[in-house]
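Here the structure is laid out as structure tokens; the discussion comes afterwards.
Chain naming follows the written order as A, B, C, D, E, F, G and H, and within any one chain the residues start at number 1.
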Amino acid sequence: MNHQTLKKMLEKVKDGQTSVQDALAALKDLYFEDMGFAHVDHHRSIRKGFPEVIYGGGKTVEQIACIMERMASQGDVVLVTRLDPDKGLALSGRFPQSSYDEQARMLVLEETPLPDKGRGKIVVACAGTSDIPVAKEAYLTAKTMGNSVDLICDVGVAGLHRLLAYRQALESATVIVAVAGMEGALPSVVAGLFAKPVIAVPTSIGYGTSFNGLTALLAMLNSCASNVAVVNIDNGFGGGYVASMINRG
Amino acid sequence: MNHQTLKKMLEKVKDGQTSVQDALAALKDLYFEDMGFAHVDHHRSIRKGFPEVIYGGGKTVEQIACIMERMASQGDVVLVTRLDPDKGLALSGRFPQSSYDEQARMLVLEETPLPDKGRGKIVVACAGTSDIPVAKEAYLTAKTMGNSVDLICDVGVAGLHRLLAYRQALESATVIVAVAGMEGALPSVVAGLFAKPVIAVPTSIGYGTSFNGLTALLAMLNSCASNVAVVNIDNGFGGGYVASMINRG
Amino acid sequence: MNHQTLKKMLEKVKDGQTSVQDALAALKDLYFEDMGFAHVDHHRSIRKGFPEVIYGGGKTVEQIACIMERMASQGDVVLVTRLDPDKGLALSGRFPQSSYDEQARMLVLEETPLPDKGRGKIVVACAGTSDIPVAKEAYLTAKTMGNSVDLICDVGVAGLHRLLAYRQALESATVIVAVAGMEGALPSVVAGLFAKPVIAVPTSIGYGTSFNGLTALLAMLNSCASNVAVVNIDNGFGGGYVASMINRG
Amino acid sequence: MNHQTLKKMLEKVKDGQTSVQDALAALKDLYFEDMGFAHVDHHRSIRKGFPEVIYGGGKTVEQIACIMERMASQGDVVLVTRLDPDKGLALSGRFPQSSYDEQARMLVLEETPLPDKGRGKIVVACAGTSDIPVAKEAYLTAKTMGNSVDLICDVGVAGLHRLLAYRQALESATVIVAVAGMEGALPSVVAGLFAKPVIAVPTSIGYGTSFNGLTALLAMLNSCASNVAVVNIDNGFGGGYVASMINRG
Amino acid sequence: MNHQTLKKMLEKVKDGQTSVQDALAALKDLYFEDMGFAHVDHHRSIRKGFPEVIYGGGKTVEQIACIMERMASQGDVVLVTRLDPDKGLALSGRFPQSSYDEQARMLVLEETPLPDKGRGKIVVACAGTSDIPVAKEAYLTAKTMGNSVDLICDVGVAGLHRLLAYRQALESATVIVAVAGMEGALPSVVAGLFAKPVIAVPTSIGYGTSFNGLTALLAMLNSCASNVAVVNIDNGFGGGYVASMINRG
Amino acid sequence: MNHQTLKKMLEKVKDGQTSVQDALAALKDLYFEDMGFAHVDHHRSIRKGFPEVIYGGGKTVEQIACIMERMASQGDVVLVTRLDPDKGLALSGRFPQSSYDEQARMLVLEETPLPDKGRGKIVVACAGTSDIPVAKEAYLTAKTMGNSVDLICDVGVAGLHRLLAYRQALESATVIVAVAGMEGALPSVVAGLFAKPVIAVPTSIGYGTSFNGLTALLAMLNSCASNVAVVNIDNGFGGGYVASMINRG
Amino acid sequence: MNHQTLKKMLEKVKDGQTSVQDALAALKDLYFEDMGFAHVDHHRSIRKGFPEVIYGGGKTVEQIACIMERMASQGDVVLVTRLDPDKGLALSGRFPQSSYDEQARMLVLEETPLPDKGRGKIVVACAGTSDIPVAKEAYLTAKTMGNSVDLICDVGVAGLHRLLAYRQALESATVIVAVAGMEGALPSVVAGLFAKPVIAVPTSIGYGTSFNGLTALLAMLNSCASNVAVVNIDNGFGGGYVASMINRG
Amino acid sequence: MNHQTLKKMLEKVKDGQTSVQDALAALKDLYFEDMGFAHVDHHRSIRKGFPEVIYGGGKTVEQIACIMERMASQGDVVLVTRLDPDKGLALSGRFPQSSYDEQARMLVLEETPLPDKGRGKIVVACAGTSDIPVAKEAYLTAKTMGNSVDLICDVGVAGLHRLLAYRQALESATVIVAVAGMEGALPSVVAGLFAKPVIAVPTSIGYGTSFNGLTALLAMLNSCASNVAVVNIDNGFGGGYVASMINRG
């Protein structure tokens, strides 16, 4: 029940077309309907420039295709994450307007790309070349969500000059997504240099005591710079998503 | 060496007052001077509305007082975090213009409070009454950093109606700081309901397998809602700080 | 807004006393009102024989007393858990009708004890004498929630005959709460012997690699007997609470 | 030695047919016989409506088939869990009356399905579509054990309205099995809304710091709602089993 | 019901003094009685030279005194472990024949010390002077249990010559208890040099990543020498107990 | 250099046949020679009835074959552990007198089996059928090392009567090796019933929070029965080896 | 901008060829240029005898080849680490002057090997034959970096005589790299015997609670010998690299 | 028995002053004496400029005083680490020539300070003021061991300019000890900038997920710069000790 149907019902009550009893019965479930509203509200706010997102991990091609069809039929921009190459190719074959990025393991289906409604620019920076897949997931997410995004690679702390060479780009960002594995020090250094919100994305790059990204995550959570918040390991999508929220304003 | 002194030196080179050799020697260390510039820049950007922050944990009253004096002499707003009551009282005695909040364990010294330069409002919400100290640390941090802040307490997920009663306040926020211990589910629910960046702050409230907040932290990092980023356990300060950065725009 | 006020408003719409516009505005927030209903429902169902519970950990005597007063004024049975002796004594002094159990660290305030509405009997069994405080918390919780409860102590697996001596009592239970620290084997053995739901409560009794109850918890989660479900370490309250729910029917 | 043989022996002692010495010797092993009784008792109580269960993990097709044959020959309903598809197909080929569910990885062999002897209905609810295999394991277990069961999918906390739409079904349950991965918040929310025993089943769905379900497990153990008890990660079978015990009454 | 009472009852059945019906009723619980036998057996075998042991941790002086009295009245040798000095002094005051060892935190009450029934000698060796309390707990346990025991201190692997100086003593042992904290390498080296069963006892000596003995424990479990078995951290009692069992033969 | 050669050298010094200088040089390396002695002693004691053992994990067929040849040439009994089936078959092809056990993943090469020199019998008991591979590794190790060994399978604590049916066999053992996965409760129950040294072997059988055997290990280390010592997860070899040492006397 | 271009610019300012304004603008970025200098400095110091290193893990053959070409064109010695055999063969095919070591998984490309500039000799010692791949990585790294290196294998602590037989080689080293898995005791023993800096490299050799090298790492970090510092698990490269730095002087 | 006493004894054997029998008896322990040599050698090499070190943690004042007396009597420089202030004061009262440093918790007793025999200078740098105690422990250790040492404080990565201001000092070091808590990024940045061996010392400074220094430790072990080796958490002593070894050359 939405605003229109509610209004109509009230008018029918007023006009005597609907009895108080029936209206009462109808409103009895309004709570759920309201939750339905909330649902719609939620979706509406999300569709204010955000694509629909499907978590591809652990879903079959059939399941994903089914959800995509329902969404695409409503003209939504659709983002599928954590999609293995074989599934990605199968789906991009079925949805010819879609494009699959193997590095980011993402499928994007956007007939009408979302317009840029951001307050400014998002910069995604990653420490090593091995972190690029995660960084690209963040980059593609933010881009598909309607943002201007820069991607800066291989600027880890073992060679600070590489990072500093991009000072201007980083200084101009509304929010920085800093992606790093191993000791995960990039967000600390970036956040120390630039007074911006820094979304830190730990990656599983490393071996031994990197514990598949746990060390990078812990380091980021303990940053001595205070303008750092963290998302899950290898969660480039989350990093790009939160950054988009922040940039939207 | 700042812009003025650099310009003067170059003019002296032009006028022959300084030899190329001497200028070369002076510029030899410019790199450091430049880093000095960066230092100043860094501070300047931080002082653009942000207080100086001293991490009180593991420092003596004498050490803190010494740093505070140097800062206060420059007219800075000063924030001391993680300050035990005995130290807090000792310092607030020595700095009569300062005020100590025992719950948040923070000392604030602000002769001239920072003006509100935020794009909108920050809302800090916490799950239980036991989470209030951490929530208040976030609240005070954001407030001292020059933001309009709301504090909503005891709206945990075991009684959803309590949270929903504050829907309007939450809907109107630029950024939400969600504070919770135990199973740490509040940020997931909040982020599912409101399309805002949510900074999740896990607290050490709980016992047994709460592992002093680790469980809440892990839950928040694994939120099925994508607009959540997380800071360290009990890091109300960090939550308020990142939210301020986001709200600044 | 409850059923009555909603009916009245609809009647006013019918009678033209309230315009469709105003009714629409009033119903705009119905969602929250409905959640308010849910709230009442929730509480009502809980009060169907269950006491109000206050988690005493990390709350001041003042905070607890304040909540107790509000509850007691409504005639509720009140249970305060995790209450240190000094707070317990202070509060039992302020609420003379209440009684404080130092072992269970619980305060019970019940002017009119809840009647026994259980389907049968709950049996709480613990492995060692050191587990008694947690077992007693489960016992008192279940008892205060209106159940017939038996407490059997010191029946750990290193001396099986002790456990088997209570076979009849255990066989007659609707649900068994099995409390154990160290290697936490009691629930497995109990659940192997009796075809009952067994709620396992690990305790922090032990040292070294007992890791404050983690070992017992893990053992219980991996029980080779399938009729075991587990609550948090030292969570005697939770064990008694779930058992009450199960016994209620 | 059962009641009859024991009685006969005592009568022979009375009649002098058996000497005290011989009776003493026979009774010396009664303990074991009694344990044999216990064994029979145990089985009898279990067979009062529960199927025999074989843990398929780490067993060969040959081993499982051998056990199944012995059980089936006694007319037992047999449940095999954790059965990989290849083994499942091999076994369902050998036992034509059996049926294999690939999602739940379970094989059910029931010539005469168990009658529904439950006090009421069990509801199994899961948070995401990726949790369905575990939820289905719980569903099939409870169903095979002779219960009326509902299965509700994809009602995670990031979209509360989806969950609330099933309020009636959940309200009518005797016991709820709540299945979730990632941050594992579903049981907390469900247990906050419905005054029922909630058996929480964490799943290994997620990545990074979900630690293969550990995060969901920890969150569930720390639920701020008290009517939650937890089973092992991905242990849908255990969840359905405990729920059946509870529903049996 | 013991052998005597059972015999008597059977004789009464024979003599007609007890009816078959009554004997049947009495024997109905024989299972438990049998378990009682097992209990007695168990105790008997334990008393074949082993003292009764009370775990003092988490018990009050009153509880311990009460158990001690019951045991002492039966002439048992009594060992109380994990006894804090204040409790130890209080109890040794109450039991004048007892002696309390503050280092080992043990109280021994033995009117008639157990005779040495061991096959040979037990050697307890510890790595550093800080490990002495745990080593002494092992030493006293083994000694009180009726063994010939040697205690060798401060023979850690950083100075191998110290260990080798005791080669003769170690070579002559039936079983060696090797106690070490920090990196816990002593058992590996000892087990490499001497073809004896080595019971390794990790201690909580160390800091940082010693994790209160976890590192030593893990090292011992991974010994490249195969004749090593391990007990819990700081479990000198367990080390001495197992060694006694092995030495008994 | 042994006693004789040392004596001879000293006599030569006395007789002037060897100069002080040369004696000094010879004695300079005596330390190593002595260590050489130790080496020989060590091997001698080990060869007093124990086979040579090769850890097969991470070694190539070539490496293993090479070591085996050197050993076999000296008439040693050779045991290769952790040998994958493909390597096992390759090696048993090359050493026709050897036999490979696929369950235990062990290769045994014994031209002349070691005679039984044990004090008594070793009993290996395992909880479930899935634990048999590890139990068999313990069994084969102990057997090859010259012991009389019994293997008892599927006697886990969820059905105590199964265990108790083997009471006589267990009572007659010199040492018991208890093998279990999941909650690892078997050693506690066994050690509570029988006053024998119990070597507990945790297995990686289980899922979720069994953490590949860690839970079983922790439970065993925290056994409330004191006569338990533990070896590494899945270390059937170590369990059999330590038991052999204990049985040797 | 280097010394020459800076000098030229200053001379142009002096001569009036460049305005103060333009010089100011050019110097504005000097900071970065200086960092460029630092970059060059850094590289220069590294090239003073150290090869360029490419972390091969997670990079494609194409990516590695591309970097190698750029480096090789400058005459650099190139080291590629963590290179799987298939990639290693592909690359050694493309760079015929390079050589690939399958055990160490390293590719070395050195037209002109670096001269030995070390103060002395580096000794790499490993505990077991399974540790050889990691030890060889350390060996090859140190060798390629221009050092005299010895490799000693299979000298674990379970047979101390093996280690002591190499006393002279170890005594003569400038720095020792000690490589071990399992309980990781080798560095403690080595560091106790020789007053040298010992770089400990834990390996992932072991099973169960070796936790893929974590146990060895923890043991090494807790060495009771003080002259030990540790690198990451299986980080033979790091061990060889740090040792080279130390040996360079 | 040292070289001189051995030579004398051999000469007495030659001269007939000592019988072969007596020499044999004396040499019987030569092996151990040889180990004594090793011991003495070890000590000698250590005394080549290194003080004797006593780990004060867990030792009584009496125990420490006793060891100190034995050492001081031999003219050794003595270092006591991990000494609580009360013990430190008690001991410095008893040894008037000693000095106690409360920050470093070290007691130094050096009648004749060791001469500087280092190849160059050691630089100890720490990230925050809270890390100073650990840094000072490293500083004092290295200084007492006879090195020229610089101590640089508060140069953490959140303000890189502070670190770079000390570039010259760091560039001139033979070895750098980098001390940091929280995210532990300092060693990575330092090792990236300076081609020196960097000994990283993690500190327990931080809260929440700093896990008492574990996060800093893990970060350091995963440094993307290769010239980093790590010691235990808060092990300033170890850092200073290894650095001294490296600097000695």
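For this structure, a couple of remarks:
In the analysis below, a contact is a pair of C-beta atoms (placed from the backbone, for glycine too) under 8 Å apart; a residue touches a chain by one contact, two chains touch by 3 or more.
Not measured: the values here are computed from a predicted model.
Among the remaining chains, those touching chain E and also chain G are F, H.
Under the touch definition stated at the top, chain F and chain G share these contacting partners: E, H. Two copies of one chain, chain C and chain E, form a contact in which under half of the residue numbers belong to both partners. With centres defined by CA atoms alone, the chain at the far end from chain G is C.
Set against the C-alpha centre of chain A, every other chain centre is closer than that of E. Bringing chain E onto chain F by least-squares fit of CA atoms involves turning it by 175°, to the nearest 5.
Set side by side, A-G and A-B show the greater C-beta contact count at A-B.
The mean-CA centres of chain G and chain H are about 25 angstrom from one another, to the nearest whole unit. Note on chain placement: the centre of chain A and the centre of chain F lie 55 Å apart, centres being C-alpha means. A separation of 39 Å divides the Cα centre of chain B from that of chain C.
One finds 59 Å separating the Cα centroids of chain C and chain G. The set of chain G residues that touch two or more partner chains comprises 31, 35, 38, 42, 128, 159-160, 192-193, 208-210, 214, 217, 221-222, 232. The list of touching chain pairs reads A-B, A-C, A-D, A-G, A-H, B-C, B-D, B-G, B-H, C-D, C-E, C-F, D-E, D-F, E-F, E-G, E-H, F-G, F-H, G-H.
If you check the complex, the residues on chain B that touch chain D are 127-128, 156-160, 182-185, 188-189, 191-193, 206, 208-211, 214-216, 218-225. On the side of chain F, the complex with chain H involves touching residues 3, 6-7, 10-11, 13-14, 16, 20, 23-24, 27, 30-31, 34, 37. On chain C, the positions that touch chain E within their shared complex are 128-130, 159-162, 164-165, 167, 205, 207-210. Touching chain F in their complex are the following residues of chain E: 38, 42, 45-46, 48, 50, 53, 119, 167, 174-175, 192-197, 199, 217, 221-222, 226-232, 237-238, 241-242, 245-246, 249.
Contact residues on chain F toward chain G in their complex (touch as defined above): 31-32, 35-36, 38-39, 42, 55, 57-59, 63, 82, 202, 204, 212-214, 217, 232-235.
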